[in-house]
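Down below are the structures I want you to see.
One chain, subunit A, links the two complexes that follow: it is found with subunit B in the first and with subunit C in the second.
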Partner chain A sequence: MPLVLSSILILLAGAALALLLRAHPSRAQAAGVWSAAAASAAGLFAAARVLLTGRPEAFSAAWNVPLGSLTFSLDPLAAFFLVPVFLLSGLAAVYGAGYLKAYAGRKPLGLAWAAFNLLTASMAVVFTAANAVLFMTGWELMAASSFLLVLFEHEKPQARRAGFIYLAAGGAGALMLLAFFSLLAPASGPLDFASFRGLSGGAAAAAFLLALTGFGLKAGFIPLHVWLPEAHPAAPSHVSAVMSGVMIKTGVYGLVRALSFLKPWPEWWGWTVLALGAASCLGGALFALAQHELKRVLAYSSIENVGIILLALGLGMTGSAHGADALAALAFAGALLHVLNHSLFKGLLFMGAGSVLHGAGTAELEALGGLAKRMPSTALLFLAGSAAACALPPFNGFAGEFLIYLGSFRSVTATGPAALAGVLAGLALASAGALAAAAFVRAGGTAFLGEPRAARTAAAHEAGAAMLAPMYVLAALCLAAGLAAPLLLGPAAAAAAAAFGAPLGAAAALDASGPLLWVSGSGLALLALAAAVAAARRYCLGGRKPAEAGTWDCGYAAPSPRMQYGASSFSQPLTDFFQPLLRKLGQYPVISEYFPARASFSTEAQAVFYNSFYMPAAARIRDLAYRFSWLQHGRLQIYILYIVVTLMGLLLWKL
Partner chain B sequence: MHTLAELVIVFVILLDLALAVTGSLSTCIRLVAAQGVVAGLLPLLAGGHFQPRAALFAGAIVTLKGAVFPWLLLRARDKSGAGRDVEPLITYPASVLLCLGAFIASSWLGSRLPLPATGVAWIVPASLATIFAGFLLITTRTKAITQVLGYLVIENGIYIFGLALFVEQPLMVELAILLDVFVAVFVMGIAIFHISREFDHIDTAELSELSDWRRGEYGR
Partner chain C sequence: MEIVKPLAQYLAALALAPLLPGVINRVKAFFAGRRGQPVLQLYYDLYKLSRKTPVYSRTATWVFRAGPAASLAALLAALLVLPFAGRSAPFSFDGDFVLLIYLLGLARFATVLAALDTGSAFEGMGASREMQFAVFAEPAFFLGLTALARAGGHASLAGMFGALTPGIWRVAAPVLALLTASFFIVLLAENSRVPADDPNTHLELTMIHEVMVLDHSGPDLACILYGAALKLWLFASLIACVVLPRRTGSWATDSALFLLAVLGTAAAVGVVESVMARLRLLKVPYMLITAFAFSALALIFQMSR
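The block that comes next holds the complex of A and B.
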């Protein structure tokens, strides 16, 4: 525990130092990067130690804030979530040192680094806090520091809009959490997690719904995701990596913690979570397919992956409600494993998108193309990340989903509603996987293959070593985590056991290690096969250089890059099919003559939930508020009268 | 001994009613000053034996409320060119009725409040009624100067209420309140003067044009 606390203190000190040195951007940046790296090393060591020994650590001290106490607890669950926090934020800091160089002199880098380190520190507090006041302090600091980072390029109207939506979503979520914690509050004394009282019946259901909405607004599953596709692309890419990779996981962690307070779970909770997860993983993948900007594609893919995690949690909850503990344990272990895996590959992908943005000056898919020749390392790394995101072995995305599939297949053999849950989860997961694969083929193919679609893209350059090195590390980790999945199963099961009790954790380790060994073995075989093919090609070529020729160009006399398949043409069959859901706007030319004149074509992806649900709801609330505008006169006397009447009312009420 | 104090209490209540019906601004200022003076003398009449510290304190209150405040307020009235009338938002009979209603409510409240027994009868209802009267002045009169007056009346009420609770005089507390009120009246006197210079009037109802709220600007 002292190690984690000292890493939090190092981060805070680094943030203060970066702020103090803001007049010298390079020094401020050095302070930010080095403190992040040092804190990450210390924090990773502490978290790994708890995971390997399985012994929880704790620290407690009095705090003069009402209901608060400085109670930290580092159990396997917290440690399991802390690993990606420190891993990704340390690597993102190194990446950011290269990425933010282009902004030196134009942007307050000292403030950006202070906010980045504060974000990491507050996430560490959120994961280790064992007191509601301390937790909420970390939670709000996390929201505030990431808000500053979303507004990094505040001169862009999109970024300001994203910041506003993010702030509103964060505020609404925090409000729900305050209500949630007050429901659990003990009769007296500080709001320590250990002293929470057990709830049952309606109060438990209310607490569950509050936790689901409050934490869901941070986790960003559908329909609470509206801020996510706005805020993640707006932030600088290394921050997007941290936000998408680990910050939204604070919502998942909070939900898991909340569920651990509220055991046993009624069956409908499981179905609710399962349905939300299914909607989120299908919807996220589908919307990812319709986006025109690389980082927005990745943001929607994050929604999909949070959906997968939620789906697994829901499957586990329904299983547990029906007494199928072995099945539930598989699902929970799969959910937690996917948390780790998603943070690795999504961090890698956002950094890859950042390199594209950095090298080509834009991340609009319709302007990219041909980057594989200009940015070979980024292309290779993005391909690795995409393979992991599509859950293709031997990369790590497969391992977690495999456990969830295994859980859903096991439940199919059971009788009753648990079987139905398994079938639904398996179906949703498989369809979402197919859609996600299409989305990543589209995004990666459009950006890296073919010919540049804009002059600016043709002049793209490869990212520097500071940006590529963290990406190589992450790609290697993605591969390693995929091959070493049986080794990660133990910690994931221990984390689930720490949250939900031994029967829902440890069983998974025994149950799934055999099949996971097969997965690793086949992954290794696949790698060996790829190596053999490469060696055979090398041998057959025998040192000769292979000839290069143009791709078949359909017999056009003078093909131009504009004749390539674009991102929207690639996905048109699929997006047209789902048009009732996607509601994309488009203008299609009607060709009626033999010699068509100039024509133009456009499609625009819509933020469907924001436009069709949240905006009308907000307008309704505003109309309702205007009904009370007669209360608002601007007359001093009336306001004083309001105060007097309120005070009198309170006095009479208390008499 | 207490009959004298009770007489003062009756006088305070009558002053509240008088404030509700008085239309002249300068009379209002003098009525508030008179109320402050009798309230300041109350501890001497109720305290039993003579204490030099209490006498000193009463002297300070009487000087401030009876001489300094009226002088400041009358000066502010003259300099700001405020009219002679208090310009109420409701009629005078309505003000009196509200004041009487407030007195009934405060006698009920006084019987319900869990307070230690006091030697002087009606002291708690009278103090509450005075506080209500102050609120009445603030909320139903348009001029800024009457709001200052209402503030002073509330202070008188709080002072009498404090007497009812602590007969042995928490001097420091009262002194602190008095200092607050002094600064407040001083600042308000200056502020009213400046507001009237900028806007040619001190009608707070018209000051609403300073607020950021415009009726119908955002609405449908």
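The block that comes next holds the complex of A and C.
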């Protein structure tokens, strides 16, 4: 425990130092990066030790905040979530050192690094806090520091809009969580997690729904996702990597913790979570297919992956409600393993998108193309990350999803309603996988392959070593975590056991280690076969030099880059098919003459939920609020009167 | 001996797969009243292509060169989990059919990226359609295999095919018939056969698979043709395992019957190709949704049995 606390203190000190040195951007940056790297090393060591030994650590001290206490606890569940936090934020800091260089002199780098370190520190507090007040302090600090980072490029109206949506979503979520914790509060004493009272009946259901919405607003599953595709792309890319890779997992963690307080779960809870997860993984993949900007594609893919995690949690809860503990254990272990895997490949992908933004000046898919020639390393790493995100073997994405599939088959061959849950979960996962593959082939293919679609992208340059090195590390980890998945099963099962009790954790390790060993064996076989095919190809070539020619365009004499398939044309058959859901806007030219004049065509992906649900709801609320506008006089005296009356009221109530 | 047999079966599949396109072509030639190309034509083609020098587009990068090899490697790995005559594959474990589906996905991923790497409008078109049809074919295939898992009570391919006995055909014929139909439709779409795609049209706007590989040549094209034959073998042997659950107990007889069923499936593809026209591209998703409906019905029948 002292190690984690000291790494939090190092991060806070680094943040303060970066803020103090803000007049010297390069020194402020050095302070930020080095403190983040040191804190990550210490924190990773501490988390790994708890995971390997399985012995939880704790720290407690009094705190003079009402109901609060400085109670920290590092059990395997917290440690399992802390590993990606420290891993990704350390690597992102190194990446950021290269990425933010371009902004030196234009942007307050000292403030940015202070906010980044504060964000990491507050996430560490959220995962280790064992007191509700301490947890909410970390939670709100996390929201505030990431809000600052979303507004990094505040001169862009899009970023400002994203910032305000983000703020509103964060505020709403925090209100739900305050209500949730007050439901669980003991009769007296600090709000320590250990002293929470058990709930049952309607109170438990209310607490569950509050936790689901409150934590869901941070996790960003559909329909609580509207802020995510706005805020994540707006932040600088290394921050997007941290936000998408680990920050949304605080919502998942919160939900898992909340569920651990509320056991046993009625069946409908499981079905609710399962349905939300299915909607989120299908919807996220589908919306990703319609986006025109690389970072927005990745943001929607995060929604899909949170959906997969939620789907697995829901499957496990449904199974547990029917006494199928073996099935539940597999699903929970799969969910946790996917938390780790997603943070690795999503971090890699956002850094890759950042390199594109940095090297080509834009991440608009329709302007990109042919970057594999100018940015060979980034192309390789991004495509590897895409393969991991599509859960293709031998990368890590497959291992977590495989466990969830295995859980769903355990239930398929069983009887009762759990079988239906298994079938639906497996089907949603398979369909989302096919959609995600289309989305990633489209994004990676249009950005990196073919010919450049705009002049400025033709002059793109490769990222520097500080940006490439963390990406290589993450790509290697994606491959290693795929091949060494059986080794990760133990920690994931231990984390599940720490949350939900031994029967829902340990059984998974016994049940799934055999198939997982086969999976990593076939991953190795795949690599060996690839090497064999490559060797055979080399032997066939026999040292002959391949000839070069232009692309065969079916006899057309002068193909131009504009004749390539673009991002929107690639996905057009699918987006047309799902148009009732996507509601993309398009302007199509009408050709009426024999020799048509110059025409233009455009499509735009809509934020369907934002436009069709949240905006009308907000307008309705605003109209309601206007009815109370007589309360607002704009006179200071009257406001002071309100405050005095409220305080008097509170005093009377307390007496 | 127990290690040698699965390995021998694997090698037999690798060696016999290029036979299937030959069978299909002979059946089509028979319907057209021609003599047709030799059954072994693909073997000759592969040999010829492997000795040619490839031509690469100036636009293409390493992705284009690595694509065919990566795709072939994925299919070779997929064949590792594929049962032969309902018996255990070299790799057999719970949930192995998920690995099979995702390895097919990896092969598609590599092929499609290689197609996009040429910057050709036609190859982009083929790539787009391939991904579109996969979105409909994959859930149908997955649900069909889930129904099979439910029917056999096992989560591994060898387990579910091993549990299929003639007795199950007697009591659950609708389930297995629906599954056969669903797998056959998926086979037609995944292997770009009529009515989803026409392997004979060239240089048309209507092609899917053939148009994606227009720029490949030499050993790379050999990889692609061989990979396509392996994929056809894969689906045909799944169908053969479903329709032919009889086990005589003798290794040789079982294997011979299985081979006959695989060749029969190829012949059926040839018949379909001879008597049917290609569907309009917009109709292909509906055909795949039909396959999905068959799989779903099979699962519902099985779950309520």
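Assorted remarks:
Everything below uses one rule, namely that the second predicted complex is superposed on the first by the 617 of 655 C-alpha atoms of A that agree within 3 Å, B and C clash if a C-alpha of one lies under 4 Å from a C-alpha of the other, contacts with A are read in each partner's own complex, and residues count from 1 in each chain.
Here is the rule we use: contacts are C-beta pairs under 8 Å (C-beta built on N, C-alpha and C of every residue); 3 or more make two chains touch, one makes a residue touch a chain.
The model shown is predicted, which means the values in this text are computed figures rather than measured ones.
Once the two complexes are laid over each other on the shared chain, residue contacts for A:G505 go to neither subunit B nor subunit C. Looking at the shared chain after the overlay, A:G433 reaches subunit C, while subunit B stays out of its contact range.
By the touch criterion defined above, A:L655 reaches subunit B but does not reach subunit C. In the superposition on chain A, A:S522 makes contact with subunit C only, while subunit B stays out of contact range.
Of the two partner chains placed by superposition, only subunit B is touched by A:Y626; subunit C is not. Taking subunit A as the reference, the larger set of touched residues comes from C, when subunit B and subunit C are compared.
Looking at the shared chain after the overlay, A:P25 reaches neither subunit B nor subunit C. Contact with subunit B, but none with subunit C, is seen for A:I638 once the two complexes are overlaid on the shared chain. According to the touch criterion, subunit A has no shared surface contacted by subunit B in one complex and subunit C in the other. Of all residues in subunit A, those touching subunit B in their complex are 623, 626, 629, 632-638, 640-641, 644, 651, 655.
Subunit A meets subunit C in the complex at residues 369-370, 372-373, 376, 379, 383, 387, 390-393, 398, 401-402, 405-406, 409-410, 412-413, 419-420, 423, 426-427, 430-431, 433-435, 437-438, 441-442, 444-446, 448-451, 514-515, 518-519, 521-522, 525-526, 529-530, 532-534, 536-537, 540-541, 544-555, 559, 561, 563-565, 569-574, 577. Residues 50-51, 53-63, 69-70, 72-74, 76-77, 80-81, 91, 93-96, 98-99, 101-103, 105-106, 108-109, 112-113, 116-125, 127-129, 131-132, 134-135, 138-139, 142-143, 146, 149-150, 153-155, 203, 214-215, 218-220, 222-223, 285, 299, 303 of subunit C are the ones touching subunit A in the complex.
Within the complex formed with subunit A, the residues of subunit B that make contact are 89, 109, 112-113, 135, 138-142, 147, 204-205, 207-209, 211, 213, 215, 218-220.
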